[in-house]
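Each chain carries a letter (A, B, C, D and E) given by its place in the written order, and its residues are counted from 1.
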Amino acid sequence: MKRISLKKISKKTGLPPGSLVHIGEQKAEKTEITVFQYDGSKIHEKKIKNIREYIPLKDIQAVTWIDICGVDKVDTINDIGTLFELHPLVLEDIMNTEQRTKIDLYGEYIFIVMKVLSFNEKKEIVSEQISLILGEDYLISFQEKELNLFKPLKERLKSKDCYLKNISADYIAYSLIDAIVDSYFTILEQLGEEISIVENEVVTDPGPMSLNKIHNLKRETLFLRKSVWPLRDVVYNLEKEESALIRKTTIVYLRDVYDHTIRIIEHIEMIRDMLTGLLDVYLSSVSIKMNNIMKVLTIIATIFMPLTFMAGVYGMNFKYMPELEYPLGYPIVLIAMGVVGGSMVLYFKLKKWF
Amino acid sequence: MKRISLKKISKKTGLPPGSLVHIGEQKAEKTEITVFQYDGSKIHEKKIKNIREYIPLKDIQAVTWIDICGVDKVDTINDIGTLFELHPLVLEDIMNTEQRTKIDLYGEYIFIVMKVLSFNEKKEIVSEQISLILGEDYLISFQEKELNLFKPLKERLKSKDCYLKNISADYIAYSLIDAIVDSYFTILEQLGEEISIVENEVVTDPGPMSLNKIHNLKRETLFLRKSVWPLRDVVYNLEKEESALIRKTTIVYLRDVYDHTIRIIEHIEMIRDMLTGLLDVYLSSVSIKMNNIMKVLTIIATIFMPLTFMAGVYGMNFKYMPELEYPLGYPIVLIAMGVVGGSMVLYFKLKKWF
Amino acid sequence: MKRISLKKISKKTGLPPGSLVHIGEQKAEKTEITVFQYDGSKIHEKKIKNIREYIPLKDIQAVTWIDICGVDKVDTINDIGTLFELHPLVLEDIMNTEQRTKIDLYGEYIFIVMKVLSFNEKKEIVSEQISLILGEDYLISFQEKELNLFKPLKERLKSKDCYLKNISADYIAYSLIDAIVDSYFTILEQLGEEISIVENEVVTDPGPMSLNKIHNLKRETLFLRKSVWPLRDVVYNLEKEESALIRKTTIVYLRDVYDHTIRIIEHIEMIRDMLTGLLDVYLSSVSIKMNNIMKVLTIIATIFMPLTFMAGVYGMNFKYMPELEYPLGYPIVLIAMGVVGGSMVLYFKLKKWF
Amino acid sequence: MKRISLKKISKKTGLPPGSLVHIGEQKAEKTEITVFQYDGSKIHEKKIKNIREYIPLKDIQAVTWIDICGVDKVDTINDIGTLFELHPLVLEDIMNTEQRTKIDLYGEYIFIVMKVLSFNEKKEIVSEQISLILGEDYLISFQEKELNLFKPLKERLKSKDCYLKNISADYIAYSLIDAIVDSYFTILEQLGEEISIVENEVVTDPGPMSLNKIHNLKRETLFLRKSVWPLRDVVYNLEKEESALIRKTTIVYLRDVYDHTIRIIEHIEMIRDMLTGLLDVYLSSVSIKMNNIMKVLTIIATIFMPLTFMAGVYGMNFKYMPELEYPLGYPIVLIAMGVVGGSMVLYFKLKKWF
Amino acid sequence: MKRISLKKISKKTGLPPGSLVHIGEQKAEKTEITVFQYDGSKIHEKKIKNIREYIPLKDIQAVTWIDICGVDKVDTINDIGTLFELHPLVLEDIMNTEQRTKIDLYGEYIFIVMKVLSFNEKKEIVSEQISLILGEDYLISFQEKELNLFKPLKERLKSKDCYLKNISADYIAYSLIDAIVDSYFTILEQLGEEISIVENEVVTDPGPMSLNKIHNLKRETLFLRKSVWPLRDVVYNLEKEESALIRKTTIVYLRDVYDHTIRIIEHIEMIRDMLTGLLDVYLSSVSIKMNNIMKVLTIIATIFMPLTFMAGVYGMNFKYMPELEYPLGYPIVLIAMGVVGGSMVLYFKLKKWF
């Protein structure tokens, strides 16, 4: 997956900066726009097909959240850019879904890029990009496709509960970020479950596949880590930045998100350590297995080589071998063989080889 | 244990921030509240069943310590929140017993989360969460269940000794933190003892179980480390923060706690290094064992293969084999075999193989 | 390659600082100079053979970009130095193509050294050095040889598009840096492809060559890393430096370049982790292969050693061996051998050895 | 040793902070106190048995150094605390000989804890604690038992040499610290000698004991490192701290001590790297040894197995085996065996197996 | 070498600070002093035997460079110390040739210690110490013995070239430092050559000696690293320090030296990474070799064990073994043996074992 993404980025080499080109898979069939407006007492929800339909709504003095699903249409993104006077680089970053998590401060607005992670059917972690533009009294969110993640928030907004009193653009932004960060715990949980499955396998029946699984888990953890680390800086900057766009009451909540981020990072580091430990256990169990194979070989060889030699001696065809004539020669040799073999077994027992 | 905790957290995904949901096992059957009030000359202890019983006590001008055991009742926590005007996120964090150690400064009060660690019957380290709220002249402590840790302090408070003179909310807070930090030494000691047991085992009789034990100890150390590292920042911030809530005389004591924390961290790092060293010794002893097995095999094979070949030669049925007719053929061959075998043994002795 | 470079540098030991000596391979046959001048409305392009031809153009009030291909002629570099009053150390660094990526601020101008990377036919990463001198209204770029990298920019400059309005020396400098940084993505992509080829090989058919390939890839990654890390500081300093030479509008673009640099670095670190993982998988698969060889040996030996012993016993020449006389002796022994061999096979089947 | 120390610390859990309990072995039989007073022209030395004997001396306007050997008597420490108005935590730390190296600034005086290291008869590094209290014109030093380390300094003080002119409390403190730091070089030297012994052993005759020795050296180095690292901060803080207690002329000397500390730390890090390298060499030489054993086995088996098979063929009892009848059959087979064996040996020679 | 140095340092334990004792080997037979004086128009060179000869020259208003070869004479060093009013610790550090690279600022002058590295005949890196004292208009350099390193500079000074115009004490100091730093490139180059020799050996014919060589190279790199790392801080401090002793024009040159230092450090880190990689390749090639040995053994055993067993069966002496009577028994068995052996060989061919 990572290779493909680079392929796409390198295609852009040579284009002037700020060129709008969609990078990434096309995930949504058409762009869907939902506008939430809060006029101080009530929330108005409106689905529109084209951002131009929003223009008459723009002058209403109200906190507005515009949620846009689908970022692959150059026209739509361009229109939004013109309407809200966004920098060309912001538009470029929204359309390039291979961005890393980051925060950019542009005086009039704050631009945030985040990643929503999920497992695909091959148990690989895949990411969707969420871009947020937080202005004085508006918030624009861009999703690659409609995610379930924001539904509970939308429901809460529409219902008449206590949160209605203190709705502000930055609080909605916080709620979205909080939802994304909380979703990482689900990923960690799934990863943890897979690790404990592999752990069981390694302890009970380690095979060549176990190594592959550990390797894959390590890779997924690396990918997860790469996605989450910059998040810490984003939330930290958001919290510390003395921007007029973020109110003091919201900062307390951002601090809480920051705590969650730290916990996620600590968990990822712990998972990495556990995987390294698992690899050690695997490699060691492979070497113990080999040890056991060697033991079996050595025991068998050590018991039968002397016996075979003895049998070989009395299989020689010398004319004058007095033992061969003794009536008790055969049973005596058999007993001698038993004694040699038995003492070998005893020796191994004493050495605790089996 | 760690996996389960994440499962519970991820359940909360989708809830609005500040929702009061108890996360973690229910450890106390009912909430117990103990109030200590110091009116400048005497300590009054009172056990109450409901925090509302405290309301009449609130207006008394006295240093107050409220110790609450059991954090799973939403009502109780909510009542306390209302009474002391606490932020909803503080209440949320108190009930979520999977918090990490942290300190949050809210102008009017300081909120501290700490972990008390202990070994359970499976020799795993488990943690109980302690939350502290330090205000101007009050301290509220929340425990998941009644811990023995605070008993000596309570006894000291009740007895009429020299400490009565300088009781203040921040000094009580310090005493609690000090008790928690000191309890980590007990954990380290137990861990150290287990390590020395495994160390003995690895040196005298390393088996596949030793590896598992080292692996488990590593895991416990990782968990311990994760719990203790943030503690350093908490104590450091508490000491450096120029808050009106912490008096200068108390800061000297906090510096002492900070020193203890550093020592604990250094010990943990040393334990980690020792465990890594132990793993090296284990792996090496496994490989030395294998070496020895190979040696035995090689010695046996190298002695008996030539002998068996010699016996084989004289077991051939050629008509014209002059040696077979010699009367001394048999004893000569036996002697030759002895010479070959003996020189092999000598060779190995010279090579110091045994 | 790295060794050669050092050889050349060490040759310079003993020379006074600021001596102009070309270090590196001679890549361009002759020095080519292209001058772009923008007089506020139009771009004038002029190819000149000698920098002195530029002198009459110097006094025109226009944004000027001088692109110089070939840095091995001491005279040319010296002339440019005199014309633009450059510090001797700057000239020395331009001619020494083994510089590391860096930025030097000299009040009147900024001196930047960067590396353009590409794969040579041996799949080794090789680097070309680009030096930039950014002055008030001029930009001088030095290339070791004509690179395709800057062609798209030159085309854009010549065409009449929207960029003409805000052409400034610093914006051209940014465009060049952006082109170089973007070209790194191509390198990463190629490296990623090679890694996935080797990965396939290691998983399906690991041989001694795989190790060599991993080793070589690691080396290339090390080299790449060494080239890219200092780039971060260069772009960071350029962005943060409150120099009058860089306009505010350009800084926004530099921040974008900085983001790209960070992404490249993260990718390199990820590639390193992947290569380490690959090495682990390789070593483990080698040890698994050895395990299998040992298994085959042990199975064969364990089955045939007892059988050969049994055959040996009945090959002994004792006079009185009653079994030899039994008519059914031979088939019974054959069956006994079958039972022993069969039970050995069964034992290994149960132990899941094959 | 480290485990024991923790046991003792954990015993203190539950005691109120500032409780005076001696932690550590009792090393001195009785407390010995020596007082040096410098009245500007002459040094007066006086041995006293009880610190109370010092009280009349206290009012003399003179630079005073009080050297106390033995820190296990609560009364003595308490008396000193009262006399010099020391903080209870300082007294607690003096008696707890398991402190880490540290510096605490208490306005009126500076409290320093340091470690004197030495090898015991088991070649383990053991540590003695030295505590220093540096006041305006007095220095109090606490040793667990009389160490030889300070003797040269005492001699110098008593003799009439040039140092008499600029005696001050901080200069004496510096001299003590300098003596302690210099003593670390002796430890490093001894450690270095032991390493070079083990190195020799590993190169010439590596055995299972070598690994144990490397492991022990690693452990000692870890312990040494743990003791020395905090020293850097102590000396650094002492040097940088703009305390009135430390004169400018002394700071130059402290900078010198700081340099020594850095060199010691660098040496320790180098020793660690060397030990890691030694472990690599050991493990590799073990694996090379195993390789050689395998070679011997393989050579023997590969030579004799075909030969034994050939002998076996002509040992078969078929009636019609024409070769058996040939008069030259036997010698031909013997020659054939020689050829097979010889070509095997040749093959191994060509493959450079021996 | 490193051990010896410590031995010498530890001898100094117990001496008062500032004691002049020469530490290190005596490298120069007698102390040689060369004085360069630049009176604004011309350079005067004068060789003197005793520093006292310099006293009359001292009052001349001229930039002076005094180059002293040999630092083992206490008297000479003492005389210089008195003449230039140097701190006793500076004199001590000059004579102790086991100093680490460092810079000390003493208001009136700057004291710099550096290391000149070279390979001795055993291909070990050895170091010579250079101490510089940079004053207002004088520079004193101390060498352990006459090094060739400074000769080109002396030549340049004596010749009448452009540099004469801006001679100042700090510029000469810079020139010396530059010469030393440049000499490190030669060391790196030699190290690089040795590495590529060992690399070749490891790839073509790895033996036990290769490991030793890698180990030695690692050690040399460690030593080199230890010498170069502090250099960075020295040059950085020199460049950043706003000292009146260093002119602005010189700072530009120091920045260039700083760049070189960074490049050297990067190279050393790269060499370390390469050596680690080489070790991996070596260990892996050893394990591949072992694999091949095991394969040969297994192939031989697997082919001949069944054949020997078959021969054994027909070597049994049962009376009633019908096959033995068949005229074609013998050739049939031989063919059967050929089939069994051949199919084994085929099986290994299919498994790509050879």
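Assume a contact is a pair of C-beta atoms (placed from the backbone, for glycine too) under 8 Å apart; a residue touches a chain by one contact, two chains touch by 3 or more.
It should be emphasised that the depicted structure is a prediction, and the values quoted were computed from it without experimental measurement.
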Go ahead and note the Å separation of the Cα centroids belonging to subunit B and subunit E. 43
Between subunit B and subunit D, the Cα-mean centres are separated in Å by 26
Please set out, as single numbers or ranges, the residues of subunit B touching at least two other chains. 287, 290, 294, 297, 301, 305, 308, 312, 315-317, 321
Draw the chains as dots and join the ones that touch; what shape do you get: line, ring, star, complete or other? ring
Let me make sure I follow the ring: beginning at subunit B and going to subunit D first, which chains come in turn? B, D, E, C, A
Which stretch or stretches of subunit E touch subunit C in the complex? 152, 156, 163, 174-175, 178-179, 182-183, 185-186, 188-189, 192-193, 196, 203, 252-253, 255-256, 259, 262-263, 266-267, 270, 273-274, 277, 280-281, 284-285, 287-288, 290-291, 294-295, 297-298, 301-302, 305-306, 308-309, 312-313, 315-321, 353
Contact residues on subunit B for subunit A in the complex? 2-3, 6-7, 9-10, 12-17, 87, 89, 92-93, 99-100, 102, 104, 106, 208, 211-212, 215, 218-219, 222-223, 226, 279, 282-283, 286-287, 289-290, 293-294, 296-297, 300-301, 304-305, 307-308, 311-312, 314-317, 321, 323-330, 333-334, 337
